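Input: one structure, supplied below.
Each chain carries a letter (A, B, C and D) given by its place in the written order, and its residues are counted from 1.
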């Protein structure tokens, strides 16, 4: 068995033994996904040797290439809390990637090291309330003024993922030289974390999606991540891997939903035979199998592209857009059929599939709505060369 | 303007003025849909002359035929709480219909009159935990033993809609002569209302879907609704109108979601122009318009069948099955596109469409999952005559 | 039985007895749909009293309103040749409507009377090869120059439906005052009917879709149909009813395909039971039933709008666009499932469904591709008022 | 550049230079796909070094593994005639595979060698008219009686692919020991090739799908392929690779259709801008890109499974079923959108996409209709282990 295959097995066993029970407490028992829960799961993941599929061994990670991540994260994704447990959930997954590629060594030591090791969490502040930056990042309105010894940031953000309880926030703000990324410590008095937004997804990670304000928020020059004026390019560096990690995780959840469904319909009867013997139900089971197989093949194929051409290559950008669109929709279909095959129980949070469906709805929107992705995919196709 | 058209206008005005503000408090403000809320809305509906589209003038209702109901309830359905406000929400809508068609005069006076007038609420106890009756009502396990002066009911139910706070429950139980419906007062010591199930839908009505137990529950002979042994036929009497009312209400919500979406995308810009000018967004808007038009035409056409052939006719049963399947799926598509067109805000309960989507998920399952309905539709088609 | 219901029955009997045998000769026997075939079928239709559902009794028609047409044409549409037999197929259906609404009395006598009675056929020349008018009629390049005693038309058209063998062609050409419609006799030496285009649809009517050239084609002033400069508005007058008649006809074919499919799968076995007992097959049968029911309801609802508000009203334009989009796609799905349920035989023209599918492909494109219709639907929705 | 990548380039160049012109003559010019055409194309393929992607170098083939085939056949599939040109079209592709795996050395010399080299064509006679074997091979009625010196076959077949002009036919017939495969020379007087069936697909290969009768057809013992009684298992050996080759070829056609579409819509305008700038058109282009990417990834992933686990392994059988279902439907969607984006021209055989669509319709049925495949996929999933 290859090292990756062995790690997949170990991850699967870890999730089954340690994460499923906690997931059930959260979904059906009202337990809140907070940092105590996170730290406990991550401690166990470290003990099981499955922590850190996205990070470098120097930070305690597993040092996998993207293809290896695809397999391991599908296993971790079998639970809503699996990716959190192994430290591969938004926004930390993308932030780890971004810092690993862009941060200078001092920043890596200060921000990446504790983040990759699970010691702290982080946030990303990009999206803004209208008329600021949403799907169109060029509408950025938060600004940073240069001062004698640093910068002063002002502006409002929302959907700031992970903000509540993070150790630091990566903030994108407009400077006179263009959009720029800043590392802002969460205890900076100019950073005000507001309301946690009541989003449909609220189970998978602590920290939520928050409203955040930067009010005369002073940061030193050393807070600039990468180069001044290149914030949107850096957001792109973050985006392709982040989209693909999403796909890996959610694919795992689709696989789980199919398993739960198969168990459910083979164990229950209606109209004289097990539900599993009704042809229309079988059709849905097959549709799920097909969607899962296509999604898995696509994720692994794109992972190879990322490994071969690099995460910031045009190929990787294009193919991760394609994968994000297909996989987010395929996963949605799978979860929706899983609910349907559970009948009335499928819309009751006693059964995991109900929560899975609601939690997954945002996947078709976050990190690029399908419509925006389709638009950009088409334009790349149309301008050739093909 | 016809009387119905006038009533539609009045209902629309009522919902806009009186129900929308309450809906916002519930969805985005955490207010609970309880009986105080219900009584307040229903009082205002009476004052506005829009209360009771499903019931007879002798009970304070509007005395509409099914075609008229279709138009008025589409208007009422524009809010999640609109049908409740006019007393046309499950399970009371179906129970009003059932009692009007089946109850004897004494039962009508005691149960139908206060129910139709909104004085009290009711519950329906049909579905049972496995291995009892789910989609297949013949799997009924709750039983009623005849005694010298009545019956003793024993058994477990779940998804007992409206149980918490109802004045009475219509319970289907197996007797030696077959399935039978019983009217059980909620204060009967043998009726134990248990846990409210954590279903995805929890906003539209008080009472929820509950677990209920009947433990040596004694009821007199006069509690039998209709005839002994005909409980499943009576359930069918209830089912066709109930499915169609669902369609009317939810169609209204789809129309509302489309309106909210149009407002949203004409008012916000991305990539240099209003979202409404992006072709892919326009495609979704058109898809919604088409789904709404087809759903509306189908509902009204089937309403005519119900009026002409009767709610218990084979035509009505077949066509309401077809309508329920199509409309529940069309409404789901509309709401899903509405969420998508709201972008990130669409999965945040600050915006109504997020809650609409989650709330509507059960519509494709309650009163017959699409798969079971497709199965029965096909068998009717296949056995002809066509 | 109402007069319309009686006519539906008569049309159904006529199609079954007289049209089905001819259809089989055409589809599976290689017989060509020519004018001899047309005249023979139309003679029989007149004898059966089912000729002319779209025209006025003064021209031998049945004098139906749009709602009546919807029912009768669904019956006629059960065969690919049924609409031709009753004189309700493109382009004559639209031309009859156009001439009835727009032609002066002299033109009606000369062109409408023989057309409505089936004595002659007609053509419509609107679409042009690139870069001329396609989906966008404003790109019109064929022009008409005014002369002392009339007009000279020059330009190339294609997809000129019915051109081969028509008695006259309605040609849209650009004048200095805007697009204008002209009635051109087919024996005009300036009208050159070229190649019949090899379109997928070639069974339903004689005349095909032809390439046509107008070369110094001289017509008198009396050839102007309606007013000079109003050609595109007149095309719109023609369009709404024409789209709806398409829907009626094709809906009939979908109903027939479903019947053929039900017969096929109830009569054949696989894996030990009739195909009709396999659940996945049942799912497709139900999907067909649902699509047919929704399409029928929508067609009849829009027919009522046309009757109430007039065929040129904004409501009729909008709703016929919606109906054309939905019905053309629903019919396509039904035919596609019918093919699938026939297995290998479904792609063999021994069985009608194979030809039905191919023939119907153009329905989603002719008279407005779904994409163009969606675009216009969305813009109407977005500019409100709703 | 790897050997496979180099071969892909060569195949692409060959198809573009030598096959496209012939394809145009066939589709738009009425040229018939006969053996003269085949031999000419295959001669050129040999000269170009691209002949025989499915066969062994000892027979003049390219000796590719399945992964290599996937890439090369996608390139060959860019034309309807490309697979024929390189000798990778049904039924010869499957027969080459079958003979290579099952035939004894004498049979290989006599049948496989000339087939693999393109010297002759072959046929496969499995499907029978009702009530014989269709999707369910166990309904086999053609029988073979053992005689003193061989076998006598009697029975009727249809959909006998390639029969007209083949050198031999592989016939499946029932013996007292079960279904058995026989190699029957086409000049055997007991083999009567009847009518070529009028199937929608008739362009891609000579020979068609024929009705065939075996009338006291005497064959020697040496005609038995593999073992007596194992005919259905051998059909399975043939099936998995045959399905996957179908997927590879048709994927190539989908890619071509997308290219033709991109060229078409970037070169033509409507409503003031190139069609390619309309958002709804862009949405279809993106959908095509996504379907192609997912189909390609799935084909290559399953090809790896076939290489690793063997073509007759349970994994290969399951995954090729999944791939066949997904890819046949994805290709159909792509071709359908391509037609739609061509507007009226898309249903005119002047443009290749019209023919592509019609030709491809059978792909969702031949070698297992999607419904039968879904059924078998579901049952494998449901019986676990997963």
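What we mean here is this: contacts are C-beta pairs under 8 Å (C-beta built on N, C-alpha and C of every residue); 3 or more make two chains touch, one makes a residue touch a chain.
Molecules present, by chain and UniProt name: A, B, C, D = Acyl-CoA dehydrogenase.
Just so you know, these numbers come straight off a predicted model, no measurement behind them.
In terms of residue-numbered contacts, A-B and C-D present the same interface, as over half of their contact pairs agree; the other options in B-D, C-D or B-C do not. When every chain is reduced to the mean of its CA atoms, the largest separation from subunit C belongs to A. Just to note, of A-C and A-D, the chains joined by more C-beta pairs in contact are A-D. Averaged Cα coordinates give subunit C a centre that lies 37 Å from the centre of subunit D. Averaged Cα coordinates give subunit A a centre that lies 41 Å from the centre of subunit D.
Computed centre separation for the pair subunit A/subunit C is 52 angstrom, with centres defined by C-alpha atoms.
Touching two or more other chains at once are residues 278-283, 371, 374-375 of subunit B. If touching chains are joined by edges, the resulting network of the protein chains shown connects every chain directly with every other. Across the complex, subunit C is touched by residues 258-259, 262, 265-266, 276, 279, 282-283, 285-287, 289-290, 293-298, 300-302, 319, 322-323, 325-326, 371, 373-375, 377-379, 381-382, 384, 386 of subunit B. By the touch criterion given at the top, residues 278-283 of subunit A touch subunit C in their complex. Partner subunit B is touched in their complex by these residues of subunit A: 28, 127, 130-131, 134-136, 138-139, 159, 197-201, 209, 268-272, 278, 280-281, 284, 339-341, 343-344, 346-350, 354, 357-358, 361-362, 364-366, 369-372, 374-375.
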